[in-house]
Every structure is written in structure tokens, then in C-alpha cells.
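Look at the two complexes coming up: subunit A is in both, with subunit B in one and subunit C in the other.
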Partner chain A sequence: MKSLLILFIGAIVVLFAGLGKKKGLLQPLALIASLLALGASVLDLNMGDASGLNERYADMFAFDQYALVFTAVTLVAVSLLIGLTGWGFRTLSDTLGDNLGLILFSVCGALVMFSFQNLTMLFLGIEILSIPLYVLAGSRRDDLASNEAALKYFLMGSFATGILLFGMALVYGATASFDLTRIAAAISDGQHSVGMLNVGILLILIGLSFKISAAPFHFWAPDVYEGSPNLITAFMSTVVKTAGIAAFYRLFAEGFIGAQGFWSTAVAAISAMTMVLANTTAIFQNNFKRMMAYSSISHAGYLLLGILSIGNAASNGAGALLFYTLTYSIATICAFAAYMVVAEQNRDGSFAAFNGLGKKQPLLALMMTIAMLSLAGIPPTAGFFGKYFLFTSALDEYPWLVVLAVINSAISIYYYFKVIIAMYFSREENDYAAPVPAGFRWVMLTALVLIALLTILPGSVYALI
Partner chain B sequence: MSLLLILIPLLSSLAIFALRGANVRYVALAAAVANLAVTAAAWAGFDSSAAVNHAFSAPWVPQAGISFSLSMDGISLLLVALTNLLAPLIVLSSYNRSFGQDARYYGLVLMMIGALNGVFLADDGLLFYIFYELALIPIYFICAIWGGDDRIRVTLKFFIYTFIGSLFMLVSLLWVYMQTNVEGHHSFAWTDLVQVQLPEHTANWVMLGFFLAFAVKMPVFPFHTWQPDTYVSAPTGGTMLLSGIMLKMGIYGVIRWMVPLAPEAMHTLAPTFITLAVIGIVYASIIAIKQSDLKRLIAYSSIAHVGLIAAGVLAWNKTGVQGGLIQMLNHGINVVGLFYVVDLLERRLGTRSLSDMGGIAKSAPRFATLFMIITLGAVAVPLTNGFPGEFMLLNGVWKYNFWAGLAAGFTIIFGAVYMLRAYGLAMFGTTNDNTERFADVETRDWIVLGAIAALVILLGFFPQIVLNLTDASVNRILGAVQI
Partner chain C sequence: MLEVIRSVPVEYYVYLSSVLFSIGVFGVLTRRNAIVVLMCIELMLNAVNLLLAAFSTYLSDAQGQIMVFFIMVVAAAEAAVGLGILVMIYRNTKSTDISLLDKLRN
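The block that comes next holds the complex of A and B.
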């Protein structure tokens, strides 16, 4: 709750400070708000025994260990992203306050999605997360692609919200409650209309799949990712995905666990379809941002394996999701940070934009290499442990799906390596005269240290829940 | 001590990346020599009667039963010795070439050495897998940055082949891991994994997963298609790392992990594997005879030699495994010598084609002698290092199956044919404009080739040094793994 309040107040302060003349203060203010909220959530974390912690608010929120760790992970990503805004948003100086404020508001939505105990709160959280993003996607107002992205994202987002709401209404009809514990109790009692409940769950599943861009509800993602400003794309593919999957897990583990026999098949099918479609399409991309969009879709497929581990007492699906989203977020932010610098001079966005980066900007190239290796899940990077925890959590019950995921990880090497090949092995070399902005250096070094720590001590994060 | 063997190269690799001077090559050599010294100390303090020596263990992800544990027995020590013996020679032979940015090259080589030591020392299944993959990253960069013309396509093929192979190994490893039960938890420790009893049907799948990974790495026919291209296009240092040390990871994996973890499958699968290995021997030898590119010829000869080692090890009797171990060491030494010779010829003549050579023995007699000694070692002439290994391997395969032994025996005849043909074409016959002024060996060549030639003869006379080292460990592993 403290984190949520800090972020909310911070967002308002930044919004009003944006009216003033001192634009230089905005980024530090937003960063301080984000770091304070991070500190508040980490201080509340219970490192030893997680069961004693349960701060509840009128059966609407529960800031338990689960909510706190995901809050912390998200705020790490948000802090890194805000570190990039100084240079990343420099062309938007007149709307800088609005943009930063909107980012913080959006994160508030994510926090609500981690802690909801009631379907209405889930709905509100998703909307608080999404509405600022519709605006942010179109924040480059004079750019046609950015406008297109905003409109597409808005239309698809509202469509998904509609489906989600319909699903919630049906679940309410079947169980007579929006409250997660009461829904779970109603399902286990068996005193409910099975058909109505199943349709409701299915519609909620579809709505959430839209949000985390899982196939076959992923078609909006490549266009929106490509058109949005780079920083917002990074935000969408990290924070939004983390929030979506964490809410997904909480809803299905706490609310719908009794109906697992019904929804687990559907989730497995969506997961398999997402992985295969995304990876086979990503191979053919020539544009870096589109490749990252498909990569992000494929990671949604892997993340769903964590949902499938629900109900298996021997595996720690939540811990696996936590570790995975953290490593995935850091690697994705690194990749986008490096791309932002590169795209400054080579605007076409193809892989050729990276030619010769290894010689001209070794730090940037190293960063990008580690990010790509981590996304591909190649040991000993942190991404490997992410995949390892996630895949083992589902191995007991879905061995075929894990084998499919492993094969897909192998396919993904091909497109992640395209970037590495361009950076180091290409005989042609682009010019990268501009120095790396100072804020970027700090973000990159922090990210490097975090990746190294996660590699050396993966257990410390994994075992938090 | 085990930890030092990994930390010295990895940390000096980081230091070299940070230093980025022109003198990093000396730092790299110093690190390699330091590692050799540590290996010598480990050997001196080695007690072959103990099950493990120089063990080190720290928890890593205790919740998932993963620990950072290293130890060595005779088998590990042999391969660690091979790695660290060849490392200074490989660094030294890289001095002949300028890499543009030396720091990157030598940093990657040392990272590779660290990872290889890790593979041979790991006592934990997941740690083994991580080092196994970690070794792949530096060699990929070495081959792709400093390789020949078609390097990007060739190295990506190499990377994807080996990576997919290892993923199957990971699935197998996980499967066995899921069956372990140590006080209610799963465990990756070798001793726990070995105790798992698998039903024969599952064991077959588990063994197949391991075999895919190791067969690609060695490589065994028909998984060898990446190998000749990669060896040829890689820079010499990379080829030496690949052929001298890296392919031994595959054979080591068979001995340490594949057979002990799924011995139940040996009855069903070993005949197939041995057949593949024997086909590879004959097939690669015949192709080697037809080659005119010396580097490619040695690449194919390497497939043949490794095929024999694989067949001998998979026969899983004392002679076969012992022969495989001694031959791993000897093949590593010989092949590094041969690739050094190829590099020297290519540097001086600007070509690797045998038809452009001839008569070099006249202008460079000392070089011809050293090359001859190494060639004889590769041909496995008695009293060179190749002989005891090949003899024991053939004996082992023979004991397993007469016909397989007979077919594998062709390796000796074919080996003599292609190696002596290559030697004759390069060194004898008439000189041409190119080879007439061929200068004899220089100091650095003396050190590398001299050291290798000395080892060829030393190990030819005293194979007992190696056999005594591994004897107890081989007995132990054969005794523990009942087929």
C-alpha cells in the first residue's frame, strides 16, 4: 500500500511540476518516486517466512508477499526505464511532465493488478494500467506511426476489456460474488452453474491473453510495438507483461483453482500456439522492433507454463514467474536502450543498423550481447535460470509442452543472434559518432550488475515466494 | 585447487577485456602457464585410491538442489591436464597472427579454457550443463570474428547444431533429476543422479537425449556435417581449441554422464551407437584420402579418430575405456601439432592445397623431422603416443564384437594412407617457386612443435603414466555402473 501511495503522490507531483519551467527536475522527481516506492516494497518484504504477511484492505487488496515481490520487480524495471527518459524523451520537452506522470499512473495500475482480491479491482487495475498507455503510445504526436499505434492499441485494448468484463459478469452470475475467496469457495462447493462459469473463465482467459499478447490474440502487438516510441515499447513489453501475467496467476491460483481441469487444457493450447507462432514468425523479421515484438509474444508463451504449474505443490510456479519476469524485463530494457542509441543515427530499424557496433561502441554492444543471450536463455546468463525454473515447474504435468518450449528456445537463437552477428561479424560498419548519453551509461551498468547478481545468486529471488 | 583451475582463466579473461592493451598476449600466456602449474600441483597431490580429490562445494540454488561442486578423479584430471597442457601452446601459436583487437581474442580463449576446466571438474549435473554451454559462447565468437570467408553461415550452423543437441541433454538431465529423491528434494549431485533406477523404456529416451548432445560435439556420423566447414573456416587457435579439447567434452560426457545415468539403455542402444561410430571411421577416412586441402584432411581424420574412441568407450569394457582415455590425451596433442603445421605452411606459402606444395623437406629439414614425428604419432606407429591408445581401443571393440573390431581396424590402414600421402605430397617431390625458399622453423615454432614431438615420443614409450592415473577411477566407474 505504501508503494502505491508513494507512486500516486509522485505522479501528481510530477504532473504539476511539468507545468513549471524547471523541466530538468522532472526526471529526478519521477526517479525518486519510483525508488522510494521500490524501497518501501522491499522493506516490507518478509525475507524468511512469507506466510505472516498479509496487509488487507476491505477484502479489495491484499498486499501479501506475492504482491510485494512483483511490485519490487516492476519498480526495478520502471526505475531503469525512467533512467532512460532524460535522453529518450528529450524531443518531448513540452509534454515531459505529462509523459512521466502517465508512466507513474500506469505503474499504479500494475500495483493494483498484483494485489487485487476482487474482480472489480482487477478490472480497475487493468484500466489504470492501460489508459495512460494509450496516450503514451501516441506521444510522438507528429509521427503517423505513433498515432496509428495509439489508435490500434486503444481499439484492441477496449475490445479486450469488453470481453474481460463480459467474462467477469458471467463468473459473477455463476458464483454470486466478485471476491476471489468466495468464488473459490463457490466453485469447490459445486453449487454453481458449470456452463456459465466455464464460459466466464474462458472469456476472462481471452481478455487476459490480449493483455499479455498471447496467440491467437497477439495481432495488435507487432504494429503497436513498432509504431510506439522506443521507450514506451520497452515499457509495454516489460511492465505490462509482468502485470498481466502476475494478475493472471493470482486470479487462476486463488479464484479459479477448482476449475483447473477445465482451463488448464485451454492455457496449454494457448501457450503452445503462442510459442510456435511467435518464434516461427520472428525468424522472418528484418526490423529490430518487430523482432522484439514477436520475441515478447513468445515469452508470453513461456510465461504461461508458470500458470500451468498452479496446483502442483512440488513446484514453485510463482517464484519461477517472478524470476523470469525480472530477468526478461532487465534484458529487454537493455536491448531497447542500446537500440535507442543506435536508431538515433540509423533510422531504418533493420538489423543492419547494428553493423559494426562491436568496434565502435564496445560497452553498448556488450550490453546488447548479454541481453540477447539472456533472452535466448543461453547459460550461464540469468535468462537461462529463468527458463530453467519455469520449465521445471511445468515438467511434471506437461512434459510435451516443455519439450516444445525447449525446441522453441532453440529456434529463438536464430533471430537473437542476428543482432550479435551484425554487431560483431559484419564487414560493413556504420558510423556511431554520437557518444552514449550519460544516463544510459548508469542504467546499463546497473542492469549489468543486476544480471550478474541474478546469475550468481538465482536462488535469492526465486525463493522469495 | 579445482576452483583455482576455473577462476584463474575466467578472472584473467575479465582482466584482459578490461586492460585492452597490445601486451595482453603475455598476460594470457602467464595465466595459461599458471593454470598448468596448478594442474601439475593437483597431479602431484593426487591420491588415486580416494574416490574424489581436491573437492570443492558450495550451495548455489539450494531450493532446487543445485550446488557449485567440483571434484576430480583420474578421468577428470587427465582431461584437465590435457586442457591446461595445450592451453599455453594454443596461446603461443596464436602469437603468429595479429587479431586487430588482441584483448578480445585472448580474453575469449581464456574464458573458453576456464569453461572447459569446469566441464571436466563439475560434480553437479546442472553445473556441468552450464559449463558445457559456456564453452560454446567464446568459441562461437572466435570462429565468427576471425574466421574465413563463409564464417557467419558456418559458425551459426555450428552453434545451432550443438545448442540443440545440448538442449536434448538438458531435457534428459532434468528427467533423471525429477526421479531423484534426497530427503524429499530433488538433487543434481552426480552421486544422487547415478542412483536413479530408470525403467528400460525411459532409459532409452534419456540416453538418446545425452547421445544427441555428445554425438554432435564429438562428432559422430551422421551428426558431423558442421565439423569440417567449421574447422576449416576457424582461425588456427579456434581449430585447436575445437579439435584438441572441445570434442573431448563429448567423450568425457559419455563416460561420466551418459552411461552412468542411463546404464539400463546400453543393451538396446550401444550396438546402434557403435555401428554409427564405425561407419564414421570408414566414411571419414575415405573422404580424408581424397582431400587436397590439408586442413580439411585433418578435420576428416579427426572424425575418424574420434569415431574409434567413441566405439571403444561405448564397448564399455576396461580396455576400451582405458584406451579411449589415453587416446583422448594423445589425439589432443597430435591434432594441435598438425594444425600448427597447417598454420605454418599456410602462413609461409599462402595456400593449404597439397598440390601447391612439395620438396619442403629439402629446404627445411628440421621442420620436416618434427612434422614426421607428429605424423607418425597420428598414424599410431609403435613407440609413438598413438599406438597404445589405438591398440587398446581396437582390442576393446574387438572384445565387444568381432565384426565391429574388424571394420574399426581399417582406421589404422586408412590413417597411414592419408597421413603419409599428405606428408609425402607436402614435403617430398620437386620444389616449386613457392617452396624453394621455405625457411626452417623459428624459435616459437621450435617451442610448440618441439614440445608436441617430445610428448609424442614420451607418451609412446611410457603410456603407463596415463594408464596408472586413470586405472583406479576406471575400475570404480565400471564397477559402479553395472550394465
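The block that comes next holds the complex of A and C.
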């Protein structure tokens, strides 16, 4: 709750500071708010909230260990992203305060999605996360691609919300409550309309699949990711995905655990379809941002394996999701940071933009290489441990799905290595005269240290939940 | 009053709102005018509101009606942002036809 309050106040302060003349203050203000919120959530880990703020709010929120660790993961990603805004948003100086404020408001929604105990709060959290993002996706107002991305994201987002709400209404009709514990109790009593409940759960599953961009509800993602400004694309593929999958896990583990026999088959089918479709399509992409969009869809497929481990007492699905989302977020932000510098001089966005980067900007190329290796899950990078934890959590009950996931990670190596090959082994060499901006260097260094720490000590993060 | 409302079985409300919801989904998937698509999304949300109000009455539980208020507030916020995006696009393209927006490769 402390983190939520700090972020909310910080967002309002940044929004109003944007009206003033000192634009240089905005990024440090937003960064301070994000780091303070991160500190508040890390301090509360393992001991709860000593100030009594962590009580349940009329059974609406529970800021328990699960919520706190995912809050910390998200805020690490957000702090890194805000570090990139100084140079990343330099063309948006007249709306800088609005953009930074909207990012912080959006993160407030993510925090609500980590801690909800009631379907009303889940709905509000998703909307608080999404509505600022519709605006941010269209933040380059004169650029038609950005406009198109905003409209597509808005229409698909509200469509998904409608489906999600219809599902919630049916679950309410079947169980007579929006509260997660009372829904779970009603399901285990057996005194409910099974048909209505199952249709409701299925519609909620579809609505959440839209949000985490799992197949067959992923078709909007490549267009939206390509058209949005680079920083916002990085935000969507890290923070939104983390929030979506964490809310997914909480809802199904705490609310719908009694109906697992029904939904686990559907989740397994969605997971298999997502991995296969995304990886086979990503092979044929020539545009870096579209490749990253399909890569992010395929990671949604892997993340669903964590949902399938619900109910298996021997595995720690939540810990695996936590570690995976953390490594995935850091690696994705690294990749987008390097791409933003490269795209400044080679605007076509294809893999050829990276030609010869290894010689001209060795540090940048090294960051990109580590990010790509981590996303592909090559040992000994942190991404390998993420995949290892996630795959073993589902191995007992879904061995065929884990085999499929391993085959798909092998396929994914191909398209991640396209970037590395372009950087180091291409005959043609682009000109990279401009130096890397200072903020980017700090963000990349921090990310490098974090990836190294996660590689050395994977177990300590995994065991937090 | 409650008896009068309950003389209609709750299933009928479920059927009615399912039909309204389906009309909304069909409109979103087939219509090409962004404003009509926006109206169809509103229709979907109002079908949900009707269903929640009906369940709330039959279960004698206020939570459903409170949820209706939340949905109305959020739908208003969404409509504001959506129309803002539409105005921005209209300034650039002089049209609200979403089939014109295919610059990003499908």
C-alpha cells in the first residue's frame, strides 16, 4: 500500500510540475517516486507492513508477500525505463510531464492487479493500467503509425474488457460474490450453476489472454508494438505482461482453484498454440520491433506454464513466474535501449540496422548480445534459469507441453541470433557516429549488474515467495 | 416490486444480455467506422450492466449494483480517451474509417 500511495502522489506531482518551466526536473522527480516506491516494497518483504497499513481494505486488497515481490519486479523495470526517458522523450518536451505522469499512473494500476482480492479491483486495476497506455501509445501525435497503434490498442483493449466483464458477471451470477475467497468457497460447496460458472471462467480467460497477448488473441500485438514509440513498446512488453500474468495467477490460484479440471485444459491449449504460432511467425520477421513483439507473445506462452503448476504442491509456480518476469523484463529493456540508439541513425527498423555495431560501439553490442542470449535462454545467462524454473514447475503434470516449450526455445535461438550475426559478422557496416547518451549508459550498466546478480544467485529470488 | 421483477425467470435476463452482448461483438468485428465500433463496445458494456443488475436483484445482494457504477465510470473514461484518439486521427487523415489505418504490416 505504501508503494501505491507513493506512486500515486508522485504521479500527481510530476503531472503538475509538467506545467512549470523547469522540464529538467521532471525525469528526476519521476525516478525518485519510482525508487522510493521500490524501496518501500523491498523493506516490507518477508515481514509484512509494520505500520499497520497492510491490513485488508474491506477485503478488497491484500498486500501480501506475493503482491510485494511482483511490485518490486515491476518497479525495477519502471525505474530502468524512466532512466531512458530523458533522451527517449526528448522530442516530446511540451508533453513530457503528461507522459511521465501517465506512466506512473499506469504502474499504479499494475500494483492494484498484484494485490486484488475482489473482481471489482481486478477490473479497476486493468483499466487503470490500460487507459493511460492508450494515450501513451499515441503520444507522437503527428505520426500516423503511432495514431494507428493507439486506435488499435484502444479498440482491442476495450473489446477485451467487455469480454472480461461479461465473464465476471456470469461468475457473480453463479457464485453470488466478487470476493475471491467467497468465490472459491462457493465453487468447493458445489451449490452453483456449473454451466454459468464455466462460461464465465472461459470468458475471463479470453479477456486476460487478450491482455497478455496469448494466441489466438494476440493479433493486435505486432501492429501496436511496431507503431508505438520505442519506450512505450518496452513498457507494454514488460510491465503490462508482468501485471497480466501475475493477476492471472492470483485469480486462478485463489478464486478458481476448485474448477481447475475445467480450465487447465484450456490454458494448456492456449499455451501450446501461443508458443508454436509466435515462434514460427517470428522466424519470418525482418523488422526488429515486430520480431520483439512475436518474441513477447512467445514468452506469454512460456509464462502460462506457471499457471498450469497451480495446485501442484511440489512446485513453486509463483516463484518461477517471479524470476522469469524479472529476467525477461531486464533483458527486454536492455534490447530496446540498444535499439533506440541504433534506430536513431538507421530508421528502417530492419536487422540490417545492426550491421557492424560490434566494431563501432562494442559496449552497446555487448549489451544487446547479453539481452538476446538471456531472452533465448542460453546458459549461463539469467534467462536460462528462468526457463529452467518455469519448465520444471509444470513438468510433473504436463510433460508434453514442456517438451514443446523446449523445442520452441530452440527455434527462438534462430531469430535472436539474427541480431547477433548482424552486429558481429556482417560485411556491410553502418555509421554509428553519435555517442551513447549518458542516461542510457547508466541504465545499461545497472541492467548488466542485475543480470549478473541474477545469474549468480538465481535461487534467492526464486525462493522469495 | 421485487416479486413483480422476479416473476420473470433469471435465465431470460441471461438470454437477453447474451443477445445484446453478441450484437455488440458482431458490430465490433464487422463495422469499419470507428465511432460505430465504439458504440458497439458501449453496447457490450451495457449488456454486462443489465446482467449484473438482474443478478443483483435475484441474489438480493448489492455488490452487483455497485459494480454497475464502477463499469459506468470506467466506460465514461474509456469513451473520453477513445474519442480523443479519434479526433487526433481525424486531424491527420480526415476520416474515421478504420480500414484506412493499415500502414503497419498485417
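By our rule, the second predicted complex is superposed on the first by the 456 of 465 C-alpha atoms of A that agree within 3 Å, B and C clash if a C-alpha of one lies under 4 Å from a C-alpha of the other, contacts with A are read in each partner's own complex, and residues count from 1 in each chain.
In this section, a contact is a pair of C-beta atoms (placed from the backbone, for glycine too) under 8 Å apart; a residue touches a chain by one contact, two chains touch by 3 or more.
Please read these numbers as outputs of a predicted model, since none were measured by experiment.
K.L.:
Can A:M236 be said to touch subunit B (first), subunit C (second), both, or neither?
P.N.:
The answer is neither, since A:M236 touches no partner chain.
K.L.:
Quick one: is A:L84 in contact with subunit B, with subunit C, with both, or with neither? Answer first, second, both or neither.
P.N.:
It touches nothing on subunit B or subunit C.
K.L.:
Is A:A145 in contact with subunit B, with subunit C, with both, or with neither (first, second, both, neither)?
P.N.:
After superposing on A, A:A145 lies in contact with subunit C but is clear of subunit B.
K.L.:
Under the stated touch criterion, which partner chain does A:N316 make contact with: subunit B (first), subunit C (second), both, or neither?
P.N.:
first
K.L.:
If you count the residues of subunit A that each partner touches, which comes out higher, subunit B or subunit C?
P.N.:
Higher number of touched subunit A residues: C.
K.L.:
Mind working out whether A:A160 is in touch with subunit B, subunit C, both or neither, as first, second, both or neither?
P.N.:
Neither partner.
K.L.:
Is A:V419 in contact with subunit B, with subunit C, with both, or with neither (first, second, both, neither)?
P.N.:
Once the two structures are laid over each other on A, A:V419 reaches no partner at all.
K.L.:
Tell me which partner A:L124 touches in the superposition: subunit B (first), subunit C (second), both or neither.
P.N.:
second
K.L.:
Once chain A of both complexes is superposed, is A:L277 in touch with subunit B (first), subunit C (second), both, or neither?
P.N.:
neither
K.L.:
Could you pull out which residues of subunit A sit against subunit B in one structure and against subunit C in the other?
P.N.:
Comparing the two interfaces on subunit A, one with subunit B and one with subunit C, no residues are shared.
K.L.:
Once bound in the complex, which stretches of subunit C touch subunit A?
P.N.:
So the residues of subunit C in touch with subunit A come to 10, 14, 17, 21, 24-25, 28, 34, 37-38, 41, 44-45, 47-48, 51-52, 55, 59, 61, 63-64, 66-67, 70-71, 74, 77-78, 81-82, 84-86, 88-89, 92-93, 98, 101-106.
K.L.:
In the complex formed with subunit C, which residues of subunit A make contact?
P.N.:
Subunit A reaches subunit C through residues 119-120, 123-124, 127, 131, 134-135, 138, 141-142, 144-145, 147-152, 154-155, 158-159, 161-163, 165-166, 168-170, 172-173, 176-178, 196, 222-223, 226-227, 287, 290.
K.L.:
Could you pull out which subunit A residues touch subunit B in their complex?
P.N.:
Touch residues, subunit A against subunit B: 316, 359, 373, 378-380, 384-385, 388-389, 391-392, 395-396, 402-403, 406-407, 409-410, 413-414, 417, 421, 424-425, 458-459, 462-463.
K.L.:
In the complex of these two chains, what residues of subunit B are touching subunit A?
P.N.:
Within the complex, subunit B contacts subunit A at residues 60-64, 66, 101, 126, 129-130, 133-134, 137, 141, 144-145, 151-152, 156, 159-160, 163-164, 167-168, 170-171, 174, 178.
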